[in-house]
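There are structures below to look over.
The two complexes that follow have subunit A in common; it is paired with subunit B in the first and with subunit C in the second.
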Partner chain A sequence: MDKPKVGIYGLTGCAGDQLVILNCEDELLDLVGSLDIKSFSMAASGADDQCQLDIAFVEGTVVQPDEEKLLKDIRQRAKLLVAIGTCAVWGGVTAMKNEVDPKKFIEQVYGPAGKVFEVIPPQPLSSFVKVDLSLPGCPIEKEQLLRGVASLLHGDLPKLPNYAVCTECKMAEYPCILVEKGLPCLGPITVAGCGARCPSYGLTCNGCRGPVDDINVASEINILKEKGFTWVDIQNRLRTFAAPAPPLNLQTLEEAKNA
Partner chain B sequence: MKIVKLPKEKLAEFLSCLRAFGEIHAPTKRGEKSHVFAPLKEPAGIELDYTRTILPLKKYFLPPMETMFNFQAEKGYETPAEESDKKYIIFGVHPCDIHSLKILDLVFGGKYVDGHYFSRRSKAAIIGLDCIPDEFCFCRSTGTDFVDDGFDLFLSDIEDSYLVRVGTSLGDDMVKAADTLFQEVTVQDREKYKKKSIQRGQSFQSEIQLQDLPEIMDLEYESQIWQELGEECLGCGTCSMVCPTCYCYAVFDELNLDAASGQRIRRWDSCLFKDYALVAGGHNFRAQRSSRVKNRYFHKQRGFVSQYGRPSCVGCGRCKEYCPAGVDIIEVVNKLRSETRV
Partner chain C sequence: MHKSIVINRVPRVEGHGGITVNMKDGKVSQVNMDIYEGPRFFESLVVGKTYDQVTPILMRICAICSAVHTVTSLMAVENALGIKVSHQTRLLRDLLIQGGNIESHALHVFCLALPDFLNYPSVVDMARDHAQEVCTGLEIKKLGNTIQEVIGGRAVHPVNAVIGGFGKLPAPEELLRLKEQLTKGLEQSWAAVELIAQLEIPDFCISPNIYAALLPNGSGFSLLGEEIILSTGEKRNIRQYQQICQEKVVPHSHAKQSWCNDKPFMVGALARVALNGDKLVGEAKKARDKLGLNSPSKNILENNVAQALELIYSMERSLEIIDELLDTGIKPEPSAPVKIRAGSGVGAAEAPRGTLYHSYSFDEEGRLTKADVITPTAQNLANIEKDLRQAVENLMDEPTESLKRKLEMVVRAYDPCISCSVHLLELKR
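Presenting the complex of A and B:
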C-alpha cells in the first residue's frame, strides 16, 4: 500500500497543535515513516500545495476570508479532513468574544494600520467545510493524535472518549477540587481525553477540550452559583474555549441560568 | 473464630512482619481531605483514621484500564508479559468495602469466570479494620456494616489495642509469624469491645429502608423524580467510577502506527455515559440522561436484587460525597417512598 499523502496546515492559532506533532519524539520516526507528508510548513520548506491528499490536518480558527479560501481548497484536495485543536474544533480563544464586532478589536489593537487586512468573526472549521474527525484540546493530546492516525491508516475513525473529564479524574483517583475546595472546575461538562491533566496538579479544569456530548450546562451553572461565583465570572469561564458551541451561546446560557 | 489482641504500639512492628507476606497497601492521605489505598512505604504514612478512600478496592482487581492481549496480523494473539507473582496485602479495609469484594467475586465468578479479575484477586490478602460512620455512611441499612468473612484478618479498635479476628489460614500464618506481638483477649477487652459495638451502632446518621424498595421502584418507574434527577445530574460519571460495585467495562481495540498490530483494552464504562446503550445503526436505548441515571439506580437496587438476592449498593457513601451536583442516593430513595407526592 502506498503511504497516505498528508498535509498539515495552520490557520489562526498558536501553532501548539502542530508543535505536539513535532513533539512526538519517541514516535516521530514511525509517524513520518508511515505518512507521505506533502506539506508541513512549520517543519519543512518545499511544500507541495497543489497535490491531492489522503488526509489533511488543520489547526486554528478561520478569522480572515483568505483563510476560508485556503480551508476550502484544502478540503477539496483532501479525502479526509481532521480538525486538530480546540480552535479548529470549536473556535477556541479567538472566538470567545464573537458578540463584539471584530472591526472594533482591529482598531483597538492595530490602530489605523489594521485596515490592511480583512477579518470575519472567528469560526471553527465546521462552519465552512465538512470535518471528518475532530481532535480537541488546547493543545491536542499526543496519544489521541497517534491513535487517530493509526485508525485512519487502518481505514477507521478512532473511538474517542465521549464522557466528561471527571471520569478520568476519578479513574486516576485525584481528589475533587470542586467538592473539596469549592473551586470552579469545568470537568463535569468538558470532554475527556487529557487524563484530567489540570486536576492532577490540583488546578481546575478550564474546559480547554470543549464541551462533552450531552452537556448539562444548567446544572454546572447552578453548582457554580451555589459556590458563590458571579454570573459574569461563570459566563466568561464557560465561554473561554468553545464559545461558538451551541450549548454555550449566550442565549442558551441565559435560558439555562433561569431554568 | 480465633480472636487475639494486638496492642496499638505493636502495630508498626506487625506491619514489618507482614512485609514477608507481600507488598502492603494501606490508606494514605491524598489532597487535603481525601484518602487512597496506596503502597505503604513507612508505617508512619498509614492513615487508619480514614472514613473512605476515593476509589474502592475494585481498582486492584479490575483496574480502570488494562491490556487484555496484544495482537498482530501475522502472529495472532499474545497475552501481555506474565504479570509478576507478587503478592500484596491490603490493610485497613472497612466492612462495606469487604462486602463489595464479595459482590464483585460473585459477579466475576459467575458462569464465565473472569480470569483477569481472579488472577489479581487471588494474590491479595485482605486485612479489615472497623470504623466509625460519618454523615454519608448508610452501611447499617444495607447490612454491610459488619463482616463475618471475606478477610484474612479483621482488626477492631478497642482504645489501646485491636481485637484481631482470624478469618483464614493465611491470616493465622500472619499472626503466627508475629507471635510475640499478640496477647490473649481479657475480660476487660471483651467488655470494651461490646461497649464500642453499641457506640458504633448509635453513631449512624443516615439510613435508607431497603425492604420492598424493588417493588416501590417498579411502581415508580415512570415517576417525575427521574426527570428531575436527569436535570440535576451532569452525567459526569463520578458516582460510577467511585462506586465499589459499579463493575461495567468497555472492550475495544487500539491500533499501533503500523495499522497491523495493537492491543485489546478494557476500560471502566458506565451506564451514565451517552454511548453506553448506543447500538449499531445509531439507535440509543437510553438517549436521555434521566433514563441513564434511572438505570444506575435500578441496577443497584432492583435488577441486582432479582439476580443475586440483595442490592449491590453497600452503603459506602462515596457516590454522595463525591457527586459535584450533590445527588444524594438517600434523598432519592426517600423521595421515591414519600407518600405526600402526587
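Presenting the complex of A and C:
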C-alpha cells in the first residue's frame, strides 16, 4: 500500500497543535516514516501545495479572506479533512468577542495611520467547509492525535469520548473543584479526553476542549450563580474557548439562565 | 542584476511571514519583512475579564513560548495587585521557563537551523545522514518538555502555574528523575556544542547590532531581571519598557515594529550572551569559550550558536534549582493570598527569542482595563530588515535562488515567532 499523502496546515493561531505533532519526539520519525508528508511549512521547506491529499490536518481559524481561499483549496484536494485544536473546531479564544465588530478592534490597534485590513470574525472550520474529524483541545492531546492517525491509517475514524471531563475526573477520584472548593470548574460541560488534567492539579477546568455533546449548560449556570458568580463572569468563563458553539451563544445562554 | 526579490512564505519558522526586497538603479531601495499572520487582537480580548482569567487567555498568544508568556503574565498580575510570592515559587517558575528555553532552543537549533548550515531542506532529510544528531536534538527537546510537564502540568499552554504559586507542587521523586535526565541532557548538549563549534558560520550578514536584555537579578546569568540594559549603555526599570520599545505601525506588517531612539535593536540569545555573557559560570562558561562567544558578535547567524550555549546554561541552572529545592525540601505552601485592588503592573522575562513584556491595569473589582504585550519578535522585526538589507547588499551577484535561501537563513537565525508578534493592541478606554 502506498503511504497516505498528508498535508499539515496552520491558519491563524498559536501553532500549538502543530507543535504537539513536533512534540511527539519518540514517535516523530516513525510517524513521518509511515506518512508521505507533502506540506508542513512549520517544519520543512519545499511544500507541494498542488497535489491531491489523503488527509489534511488543519489548525487555527480563518480570519482573513486569503485563509478562506486556502482552506477551500485544501478541502478540494483532500479526501479527509481533520480539524486539529479548539481554534479549528470551535473558533478558540480569539472568537470570544465575535459580537464586537472587528473594525473597531482594527482601529484601536493600528489607528487611522494603520493599513485597512479585511478581517473575518474567527469561526470554526466547519463554517466554511465540511470537516470529517474534529480533534479538540487547546492544545490537542498527543495520545488522541496518535490514536487518530493510527485509525486513519487503517481506513477508519477514531472513536472519541462523548462524555464530560467531569466523568474522567470522578473516575480518577479527584476532589470536586466545583462542589467542594466552590471554584468555577467547567468540567461538567467540557468534552473529555485530557484525563481531567486541570482538576488533577487542584485547578478549575477552563473548558479548553469545548462543549460536550449532551451539554446541560442551564445546570452549570445555576451552580455558578449559587456560588455567587456574577452573570457577566459566568458568561465570560463559559465563552472563553468555544464561543461560536451553538450551546454557548449569547441568546442560548440567556434562555438557559432563565430556564 | 536582481529587480526585486519576493519570498511569499519563509518556511521553517513559526507563523506566516515573507520577505520583499525592491531594487532601484542597482541599489536596494526597500526591504520589508512582511508579516501577514492574521491579527488576533489579544489585548482587547482580555479587557473586562477578571484578574485570574487573563493569564490562561494571554498564554495562548504563542505555543512555543507559552511557559514564559504564562510566567511573565502572572508576574504582571501580581505586580499590579501587590501580591508577593515565595522564594520557592520563584525557583519553580525559573525552572519552568528554563524548560521552555531548552525545548525551544533544541527545536530551533536541531530541527530548523542546523538543516540550513548542513544544506538540507528539512530535518527529515537531514535525519537520513545525521540520524544521531537529530535523535539527540529530539531527546534534548523532549527533556525541555518534560520539565514543563512536571512543573507546568503540560508542555504547551501550562496549567499548573497560577497567581501566587502552583496548583500542585512537584514531588521529590519527580525532581530526582528530572535531575537524572538533566545530567544526561547536559552531556548531550555538549555534543551539540561540539558539532556547532565545527560549523563554519557564513559571514554574508556582518553588521553591528544594538543589543537589549534584562540585567540578571543576582550575580549570575539569568532569564529574570528588573532592569533592561542596552549595549549603548542605557538602563531602564522594566516599568519603563515603553522608552526602549517605541512602537511604530508599518504598512507591510500586521505586527508593529519596535525602535529605540529611532534605531533598530536586537533581543534574544545573542543579545543576552553579548550583554551578560561575563556572568556565565561552570560548563556554560566553558561552552562560551569553546564557541568563541567571548565578545559581542556582529553576525546574526551566530544567534544559533548562542542558543546552543544557552542549552548548556539552562541545563546547569535547572540542575542548580533542583538541588536547592531538594536540599531545603519542597514546602507544601498554599498560593500567596490575593487582595483585589485597582493597580497597574509590568512583568518581564527573557523568552527564548528575547525580552518579553506584559503590562496590565485593573480596576477596583479586579477587572482588566488595559493590557499591553510586547514580544521579542516584534522588537526584532526592524533589526531583521536592517540585516536583510545588509545581506542583499553583500550578495548582489548571487543567483536569485541562492540569494533567497540566504535571506531565509537570516530570518530564521532570529528564530522568529510570528504568531507572537501579531497580537497587538493598545486599547485605551
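Keep in mind that, in the parts below, the second predicted complex is superposed on the first by the 255 of 259 C-alpha atoms of A that agree within 3 Å, B and C clash if a C-alpha of one lies under 4 Å from a C-alpha of the other, contacts with A are read in each partner's own complex, and residues count from 1 in each chain.
Convention: contacts are C-beta pairs under 8 Å (C-beta built on N, C-alpha and C of every residue); 3 or more make two chains touch, one makes a residue touch a chain.
Just so we're clear, the structure is a prediction, and the values are computed from it rather than from any experiment.
Once the two complexes are overlaid through subunit A, subunit B and subunit C fit side by side, free of any clash as defined at the top of the document. Annotation: apex subunit A, arms to subunit B and subunit C, angle 110° (C-alpha centres, rounded to a multiple of 10). Contact with subunit C, but none with subunit B, is seen for A:Met42 once the two complexes are overlaid on the shared chain.
Touch criterion met: A:Arg237 reaches subunit C, while subunit B stays clear of it.
Here subunit B and subunit C are compared by how many residues of subunit A each touches, and C touches more. Contact with both subunit B and subunit C is seen for A:Gly202 once the two complexes are overlaid on the shared chain. When both complexes are overlaid on chain A, the residue A:Cys166 reaches subunit B alone and has no touch with subunit C. In the superposition on chain A, A:Asp30 contacts subunit B only, with no contact to subunit C. Of the two partner chains, subunit C is the only one that A:Met96 touches; subunit B does not reach it. Once the two complexes are overlaid on the shared chain, A:Asp213 sits against subunit B while remaining clear of subunit C. Once both complexes are placed on a shared chain A, the shortest Cα to Cα gap between subunit B and subunit C comes to 10 Å.
Note: residues 202 of subunit A belong to the subunit B contact set and to the subunit C contact set alike, using the contact criterion stated above. Within the complex formed with subunit A, the subunit B residues making contact are 30-34, 36, 54-55, 59, 64-65, 231-238, 241-242, 252, 254-259, 262, 268, 270, 273-275, 289, 321-326.
Contacts from subunit A toward subunit C in the complex involve residues 10-17, 19-20, 22-23, 25-26, 28-29, 32, 37, 41-47, 61, 63-64, 66-67, 92-94, 96-97, 100, 102, 105-106, 108-111, 113-115, 117, 119, 122, 138-139, 197-198, 200-203, 206, 208, 232-233, 236-237, 240. Listing the residues of subunit C that touch subunit A in their complex gives 9, 11-16, 36-42, 44-45, 48-50, 53, 56-57, 60-64, 66, 107, 111-112, 121-125, 127, 134-135, 138-139, 141-142, 145, 153-157, 159-160, 162, 166-168, 249, 251, 254, 256, 419, 424-428. Subunit A makes touch with subunit B in their complex at residues 27, 30-31, 34, 146-147, 149-151, 153-154, 159, 162-164, 166-167, 169-181, 185, 187-189, 202, 212-214, 216, 218-220, 222-223, 259.
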